[in-house]
Amino acid sequence: MKGNEAIAEAALRAGAEGYFCYPITPQSEVAEYLSRRMPELGRVFLQAESEVAVSNMLFGAASTGKRVFTTSSSPGISLMQEAISYMAGALLPVVIVNIMRGGPGLGGILPAQSDYFQATKGGGHGDYRVLVLAPSSIQEAVDLMMLAFHLADKYRNPIMMIGDGMIGQMMEPVEFPDDYKEPPLPPKDWAATGARGREPVIIKSLFLDPLLLEKNALIMHQKYEQMKREEIRFELYKINPKNKILIVAYGTMARICQTAIDELESEGTSVGLFRPITLFPFPEKDINKEAKKKNIRAVLTIEMSLAQMMEDVEKAVLGAKPVKFFGRTGGIVPSPDEVKEEVLKLIKEKTRSTGKTKQN
Amino acid sequence: MKGNEAIAEAALRAGAEGYFCYPITPQSEVAEYLSRRMPELGRVFLQAESEVAVSNMLFGAASTGKRVFTTSSSPGISLMQEAISYMAGALLPVVIVNIMRGGPGLGGILPAQSDYFQATKGGGHGDYRVLVLAPSSIQEAVDLMMLAFHLADKYRNPIMMIGDGMIGQMMEPVEFPDDYKEPPLPPKDWAATGARGREPVIIKSLFLDPLLLEKNALIMHQKYEQMKREEIRFELYKINPKNKILIVAYGTMARICQTAIDELESEGTSVGLFRPITLFPFPEKDINKEAKKKNIRAVLTIEMSLAQMMEDVEKAVLGAKPVKFFGRTGGIVPSPDEVKEEVLKLIKEKTRSTGKTKQN
Amino acid sequence: MKGNEAIAEAALRAGAEGYFCYPITPQSEVAEYLSRRMPELGRVFLQAESEVAVSNMLFGAASTGKRVFTTSSSPGISLMQEAISYMAGALLPVVIVNIMRGGPGLGGILPAQSDYFQATKGGGHGDYRVLVLAPSSIQEAVDLMMLAFHLADKYRNPIMMIGDGMIGQMMEPVEFPDDYKEPPLPPKDWAATGARGREPVIIKSLFLDPLLLEKNALIMHQKYEQMKREEIRFELYKINPKNKILIVAYGTMARICQTAIDELESEGTSVGLFRPITLFPFPEKDINKEAKKKNIRAVLTIEMSLAQMMEDVEKAVLGAKPVKFFGRTGGIVPSPDEVKEEVLKLIKEKTRSTGKTKQN
Amino acid sequence: MKGNEAIAEAALRAGAEGYFCYPITPQSEVAEYLSRRMPELGRVFLQAESEVAVSNMLFGAASTGKRVFTTSSSPGISLMQEAISYMAGALLPVVIVNIMRGGPGLGGILPAQSDYFQATKGGGHGDYRVLVLAPSSIQEAVDLMMLAFHLADKYRNPIMMIGDGMIGQMMEPVEFPDDYKEPPLPPKDWAATGARGREPVIIKSLFLDPLLLEKNALIMHQKYEQMKREEIRFELYKINPKNKILIVAYGTMARICQTAIDELESEGTSVGLFRPITLFPFPEKDINKEAKKKNIRAVLTIEMSLAQMMEDVEKAVLGAKPVKFFGRTGGIVPSPDEVKEEVLKLIKEKTRSTGKTKQN
């Protein structure tokens, strides 16, 4: 199944009742698939007139307590930043998928990971965060997509899944759970479902009294602290005491690193991989723990972008080991050979520096 | 002179020939002032139909090589994120002022600093950064505003100045340089000024060939590295070997901290202040240097937001000392007394922890 | 049943599967009613972000062969003129209801008939017409609403029903047909329903070859000529050889005239009423026939607007009798007494002029 | 000089200080010309993001008392209908040029006259009219353009000049008045120019009190009646007692008819031409007078559209003579030969019918 279609189907299985979109390469297959399936299921498919419209429709639809989502790609996601901030402020659950393309600006249509900052630090205004999930296979995209709807409801906050065009375009076998069950969730008594027999609810991000606005921000802040405690997800690959280098990479880039690590291993060089699955909350302590191990000479961050996640890795490593960067951007996907070369070069350097790092 | 008017006048003195805006509290006085002054000077004042329109007009106007700018407040800036990414990708000089209000969403209209992440990490998509200036007085707002236009041209990149509503609304005496002279700048031979007698220029962020897109991203990346070398600005206040605590604060918040520090000093407690003036590039090494000094027991980040700059401070301090946070948000401005109380509490705790920090 | 709700229910009975709207007084009850009923029936209710969006959504939805419609009021209808022209050019069936309010511009919210020109002459560009239906009671609004969908499909052309705020707001008993059956219609083989097993269809108004564009215009022109032959509808009230004056009035205005005519009759003055039900095609010949009758001294056009329909009446009467005008506008509904006074004044004048008329 | 450029230059000479536009074939040369000239003169050139934006900017700019205008083509003009209604209701002077292309919908880009209804009957809502000027040469376009600004100020009402693509694209010698002087106009004391030293003015189309809204409509109605008395303009060509046929045609179409008339004359057939220059107010009485002349056997309306002006001609002739129609549409310009053929066929028919006409 193609990645984009698998993501769409996963949303259906998770009970998404509304999908709002504006077409943009490389994720238009999601819209194509849902334009057929949503009406068949009596659910809402809506292609709006712009991403600004899409994101405000999400606000309205999420207010009714229904599971709703959108998918887009980099420039489209930028246009949604105001509304994402509004949805966060109004404590609304919503799922947003960004199948990233090269940027900035119009950029290109090939795969990239260069929206890391936008996703993890928040492209909108105000004290809010978005929980960010980064699958590295289509099966994982399916699983995380279903999880995303659960987390959105659990935290009443926008949840973002980011992938690159390769995740969206490639085909892999995928299994959907036969009998999908989520942990129990509280009733959506906050939703605007018609105020018959009860007091009206008000869903808003406007609080002119600064004490109330701060209170709302603190409620949100608690949620983000809770996410840091409960939602950190990552995967370790071939981590062992012989590792000389710890690679940190996510998404498609992590898969390519696995291939490189396998080949390096067969050639006698041991390298481990730390793959964050949640980018916010970022597995800081876990990376710190791995980086501190005696055998690790350096941490190598590898991205399809220019040293964005590296800032989080540096903050995680806290100077315990040198943090190096390798990456390509603009739609270029580094090959396993490039990764291997970078690792071998790094080992050769026998780096011992403890402080700042440089882009290679 | 009122802060918003001083900012407007500074832009005029720096030669701004086009101003595009959409009204939003608490910065509408800038537009009001310029709606009168720009036409008097034969320059362009334009109130557009939305912030999306404003930001795309900036793109077009900046393409002609003229100095252009906008001012807005938090939600308005979010709506500009796509265009800011486009302008960065097209290597366009432009100045953007964000007089921040409480958020997220519609939030409130009182002063805040909660767009720190958006400004410094980039709310748009792709590998780009925005140089961020944060004045703490009206005189500094004037000086930095004029500098902003120079830096925009020097780097051909969007430059953002962020202030809070207090900077915009309060009145202070301010001096404009009699004879403003900037360091020399290269000719704007890239600008679309009419292709008579030369080849047309093309200003764009679209590069379908990934090698060209990566090349463009690397050109930009070089600029950001150059900014880190050449543009870091900060101010030290009462830094001395008796300091027990190092406060890091910027903008209006830093001024309030100064008052608190003065009072603490007169009461026998020595505290120093590190005030970043550039938020990107962030004065990492300089903070690290101050934090490492033996007499410093802890670093206290104080913000009118919830632990946003603190992430950069933690990354700067690299575990050398505990990093603590104090802040209010949503339009509440901490008083000097609150700051003092926080400092005294921290000293009392005799914190010795080396690792993670918590919000107080 | 309230007029607006009756109109909504009639559309449902006629099989409308999509309703697109933007709220505006005095017709928002239609949207309110359908926001509940459409989802119950598994049909599409969509509140868009503007009337421009609504009208382009109608274009898209009508292209699929589904029965779709919108309701709005005067300024909203103006915003749809471009799209109405596009839909006419693309031969698309669609139903548009205009519950008119006083104008021009923002005007007021009280009942008016001042969009007569816009509706009947075409507010958009190009050689197209819109068939216009004007009910004078809620029962007739129901019947014409159902007819509108039939005519839209029969002619593949936008059909407009216009009423004033009184039709929309007042309550009357209304009967819906138990067993609604329409005359047979040709299959919608032109619709874009997915091109599986057949050639794709193209629905467009763009024809760069002027011969093809003229051909399309002539196809449309034939339809309008056919409408003139087959669709003219009107009602005569108390037409008899004793009539001294022939009143021409439509919609709510006609009902008020009936009251005035009844009272005049009981007072010994015989007046007949010609009530056009279709405003385009206009019952020219039929009015001409009535106006020519010897006993008629003058034709009195009465409108809740300023001498708009009067132009069509003059063209119909072709100078056979003087054509006089009485009307109020801006939300003022003439009373039966005002009508009576106007009639009596006109009889007193014993007008014999054959040519031009004046506004009273 | 090219027609579009001559129109632009005429506007400058008439003192236009603001021009707002959105590009559309076949009038983009106006924008191109003014994009250079307006800034040279220190006036405002603004390309907005849509025609909806353009027309609302016109509203705002006209409110300041400055002479402002726009040019567009058919679909663009449709998008302006709401704002035109608002400007009429707010009593604002503004000049709008429609260089018509084939329609409806996207249509084509070749010359047409098929927006006659939209221009003369009002495409917007409410009781308002637009004075419509129709030049048939570039020199006349220049003269009428300058007149348009005068009439806009005289009547405080939108004035529209309509031409077809041929007027816009062809080149002819043109003279601009050396010393352009207009009749005196009243001071613009209604304009919003800053309320220093006087009461603020309010410019609006909203009147919630129906008596005030009706009063505003009656003020407007008086203006339209005044236009009918003072502004009717037309040209007679080879009108003489030998004429068998009276042609009514305007704009480019009238020029082609002149050529046909000249050729017919040389071949012994006498035909006269009535060329309306104002389309609203329409020279009804003057056409009636010509049509009634004994020698005239029939009136032939010739259009580059499908029997639109013919409705006004029929209403003017009031059944005195048969009114026939010939026209092409969709971008096809009838040749003089086609016109001659039509005239000769009509004479041959020796039509004597007095009533209705048909499209040939």
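Per-chain numbering from 1; labels A, B, C and D assigned in written order.
What we mean here is this: a residue touches a chain if its C-beta (ideal position, glycine included) is under 8 Å from a C-beta of that chain, and two chains touch if they have at least 3 such contacts.
The structure displayed is predicted, hence computed values, not measured ones.
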Shared interface partners, meaning chains that touch subunit A and subunit C: none
Greatest separation from subunit C - chain, by CA centre: B
Whole-Å separation of chain centres (CA-atom averages), subunit A against subunit D: 58
Intercentroid distance (Cα basis), subunit B paired with subunit A, Å: 27
Subunit C: positions in contact with at least two other chains: none
Category of the chain touch graph - line, ring, star, complete, other: ring
Chains that touch, pairwise: A-B, A-C, B-D, C-D
Residues of subunit D touching subunit C in the complex: 52, 74-75, 77-79, 81-82, 85-90, 100, 102-110, 112, 114-115, 117-118, 121-128, 204-218, 220-221, 225, 285, 305-308, 311, 314-315, 318-319, 328-332, 355-356, 359
Footprint of subunit A on subunit C - complex, ascending: 42, 46, 48-49, 53, 56
